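Take this structure first; my questions come after.
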Amino acid sequence: MKSVPLKVVRNQEIAEETYEMTLSGELVQEMNRPGTFLHIKIPGSHHVLRRPISIASVNQELGTCTLVYKCTGEGTRALTNVRPNDCLQVLGPLGGQGFPTEEPSTDQEVTLIGGGVGVPPIYFAARRLSERNIPFRVILGFQNEAAVFYEEAFKQLQATDVTIMTDDGSYGEKGTVIDAFLKHDQPSSYIYTCGPRGMLKAVKAAAHPDTRVYVSLEEHMGCGIGACFACVCKTEDETSYVKICTDGPVFQSNEVLL
Amino acid sequence: MKSVPLKVVRNQEIAEETYEMTLSGELVQEMNRPGTFLHIKIPGSHHVLRRPISIASVNQELGTCTLVYKCTGEGTRALTNVRPNDCLQVLGPLGGQGFPTEEPSTDQEVTLIGGGVGVPPIYFAARRLSERNIPFRVILGFQNEAAVFYEEAFKQLQATDVTIMTDDGSYGEKGTVIDAFLKHDQPSSYIYTCGPRGMLKAVKAAAHPDTRVYVSLEEHMGCGIGACFACVCKTEDETSYVKICTDGPVFQSNEVLL
Amino acid sequence: MSERLAVNLPGLTMKNPIMPASGCFGFGREFSELYDLSLLGAIAIKGTTGEQRFGNNTPRVAESPSGMLNSIGLQNPGAKSVRDNELPFLEQFDVPILANVSGSSPEEYVNVVKTLNDASNVGAFEVNISCPNVKTGGIQFGTDPEQAAMLTSLIKEATNKPVYVKLSPNVTDITAIAKAVERAGADGLSLINTLIGMRFDWRTKKPILANEKGGLSGPAIKPVALRMVYDVRQVTDLPIIGMGGIESAKDVIEFLIAGADAVAVGTANFTNPFACLEIIDELPTWLDQLNASQVSELQRRGVVL
Amino acid sequence: MSERLAVNLPGLTMKNPIMPASGCFGFGREFSELYDLSLLGAIAIKGTTGEQRFGNNTPRVAESPSGMLNSIGLQNPGAKSVRDNELPFLEQFDVPILANVSGSSPEEYVNVVKTLNDASNVGAFEVNISCPNVKTGGIQFGTDPEQAAMLTSLIKEATNKPVYVKLSPNVTDITAIAKAVERAGADGLSLINTLIGMRFDWRTKKPILANEKGGLSGPAIKPVALRMVYDVRQVTDLPIIGMGGIESAKDVIEFLIAGADAVAVGTANFTNPFACLEIIDELPTWLDQLNASQVSELQRRGVVL
């Protein structure tokens, strides 16, 4: 974990209000766990809080990493104005626990479920699984056709299946990722999922009891390194808290209260 | 007076911590009075106040104006990072009264006295006088050699004389602009001066009673357009105030209490 | 002019909820050269005192991150001159005036109100009991509920026009002052005025402002302003003109949600002289996004009353 | 390590005037992975209560221009665990600890102080009478001079270590509280804690923070903090630890000029986790520019006392 400037290589819109940004620098060498994230200083001096963004993929040959972020507020809006060759102050990689892509064996299947900008860390996990030849299926949910991204990217990773769901049915099938999930009756050994809290909850509820479900959580963050207690989440038994930034952001679904 | 974006054409250091910036845009057409200024929004959102900077010259053929500013604080520091093709939000031209370069006749002489970053509006005045073939002498004061700028530019305008004074004698002559001024015994019809308040005071005191002395004043500004009462200066009789942004920034020296 | 934006407050029939804040817009002359003042919801004019005031020494403004300090010190030409020279100028515009009133003594406040009372375009008074920049008067009326109430009743007796009291944020409990002035007859509340602050010049090792202290305004104070609007909204039904750091239509929405009925825009006029106009232009789009047909649908939403 | 930066405060022999502010640095573990904590002047640890606390619901932070709101709600493992698990960890570093103490009742404060009293690296206590984020206790001690004094004397009786009282800025007159706790025996003052603020989410029309209100910190509050340090400096000779929006060595100079003897850096640790270290590195250059051979030459300069 370091705080260093990374150079912007590319920053472009890939879906409605959704941007893909590629960064280069030595720090990339330390980025290797899907589910971990970068804490990015927003250029322009009035933002005191950094923004946590998941690593969506890394290319160690080129020394680059790629992020996908949605423009939802002032900070991410400012990020869209960043240009190639600008530098971003990046703290990371952060997160004590990512998706355990080293766990599944080739005779097990992983179901990857991503909602909206929960898709990027899922994609990084898919790359790792694909490298290890672990079979995986992908279910992605988006608001509408304009919001869809990375369908092709997942297909190129030889996913067993890639299902796209949209809220309004304007692309893929109409419905939620849960609808798609329930249609498939073969329970997989693992589920890796990231998306809105309600979706994670529904995935947890719908999963077969034998499936190990890993959820990646989001919360407003201060420090990003475990010092400020901003990003806590209750444990499932409600007797204690975990810190999403350092204990997570990925948790086994029975560790936390969703 | 308008508030519009102007495009940055050039922005480079021309003396120690002193930058010359050229801007282009239609607004330049309205810039024609030496002594008037632009109220510039500092890029980067945490600055709520604009910065007043004098117009140092305009080139109507190219549609450009040039400013010279010293990096003295956070806002001007941010300005140094502006790059060609960036846009700056500019309100202007501002100022109700500039140097009256249309007043002198060709048989009169004008003495131009500038101190530090008081030089730019003096230079704009010199260009106008030169166009009208009014004879003028120039005395410029700087801290030291590294701070000197525009000596050559004034010479090219066929100034009768260009004297450079430095506080430490590292360039030109050692001493103040007043020292240089007092050496010249022929009083001129006009003095146009801009610089630190103490210098203006000394020029006023040293000037021959028949000389019309015009001083350009600086003050911290809010609105720049006369609405907020931030930039006032007492009248010489202390019975009332003038607003530097709209009644000035140039005043006849007996109008204001220096 | 969209009907959707209209807001009716005591004495102020506003085309939209936006007015420039007192002290940041002079008496409108300068801004009238930039745009048509009739487009504004109302105008809060510069704080007016009994006699002409020259204000404090300069520098009178300093900057801070996302904010500024001012210590203008109520420079103004005095109530008579405002009545005879400034208000008539504003009559050409179809916009109600909120006359901001200051003074060193209750008598002076009353005197200003009486002097301006007959100006037909003055829709209401805004009593500044919170100016941090004058030595006597002003702020002590704003920090003591009893004094605030006393001043309010005196002014209410002096005019038949609605009276808004402008509260100071530099207090332990702003709701106590709000309740006190409500009981004393206030028709509305304006909040907040500036927070007292200071900056120092590292070169001279002295305060930057000649007056040492000044009032902090701008986006920096927005969360404090929102909190106070919200707190005051919980204890009163009076109309609230919210202000403090408003720069955009989104900020306006935030103040409406917090409990304001209309808003004032101060410092943003310096950052962008067209701020009020741009906010008014953008408001309809925000209403659309919020599925609100009228501004009034957004007022007092988050309110627990 | 330059002797020029050394600062001596009661209980805190500091290599330099910089300490991370309470709540923004945990108990040092995380930052110790970024740099050597022995480089710091001191460390103010996270506010500690009698028993373990879980704090408020999330979201616990929100952003505002040049600032942030937090409503952590004093989550901490409780005094015993701090004594047994956190303070021993910090012993490996050559840096004095300022133990920040909170509670809902005077008894709880006293209990925390007694529990932590024997930890050898605790140089002094910082009594937080100003936390805006807990329902009971905390802030009412900070808004009433008598309560503040009462609490201070109780704590003074419970320990022989120096006691700093951390004041709330959410008061009409901070100097009254400062004088009261001085009379009650405080050895020093810390100021300021956060200003109470709020933000709203335009989409949900609800407060962003689960706890609704939170404490505003960061550069936005710097002018308010400087003003309060200056005001308090005029009425007391006690050492002052100044804080509120410090991001740079230049900010530190401003606080020293205003009247602080040392400073704490809070929010800036989030913006830049190396903030404290970079400030310490830059200070000597600033001393050069100011022709000061020692930090002490800059202390209490602008002071009128």
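Going by the order they are written in, the chains are A, B, C and D; count residues from 1 in each one.
Following the convention adopted for this analysis, a contact is a pair of C-beta atoms (placed from the backbone, for glycine too) under 8 Å apart; a residue touches a chain by one contact, two chains touch by 3 or more.
Just so we're clear, the structure is a prediction, and the values are computed from it rather than from any experiment.
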> Among the remaining chains, which ones contact both chain A and chain C?
Replying inline: B, D
> Counting only C-alpha atoms to place each centre, which chain is farthest from chain D?
Replying inline: B
> Which of the two pairs, A-D or B-D, is linked by more C-beta contacts?
Replying inline: A-D
>> Rounded to a whole Å, what is the gap between the Cα centroids of chain A and chain D?
In response: 36
>> Quick check: how many Å separate the C-alpha centres of chain A and chain B?
In response: 55
> Just how far, in Å, is the C-alpha centre of chain D from the one of chain C?
Replying inline: 34
> Between chain B and chain D, what is the gap in Å from one C-alpha centre to the other?
Replying inline: 46
> What positions in chain C touch 2 or more of the other chains?
Replying inline: 65-67, 218-219
>> Can you list every residue of chain B that touches 2 or more other chains, as numbers and ranges?
In response: 45-46
> What topology does the chain contact graph adopt: line, ring, star, complete, or other?
Replying inline: complete
>> Give the list of chain C residues in touch with chain B in this complex.
In response: 23-26, 29-31, 33-34, 46, 54-55, 58-63, 65-68, 70, 72, 75, 218-219, 267-274
> Within the complex, which stretch of chain A touches chain C?
Replying inline: 45-46
> Any idea which chain C residues touch chain D in the complex?
Replying inline: 64-67, 69, 143, 170-172, 195-200, 202, 205-207, 213, 216, 218-224, 226-227, 230, 245, 250, 253-254, 257-258, 286, 290, 298, 301-302
>> Under the stated contact criterion, what part of chain D meets chain B in this complex?
In response: 65-66, 219
> Where on chain B does chain C make contact in their complex?
Replying inline: 1, 3, 41, 45-50, 74-75, 89, 91, 219-233, 240-241, 246
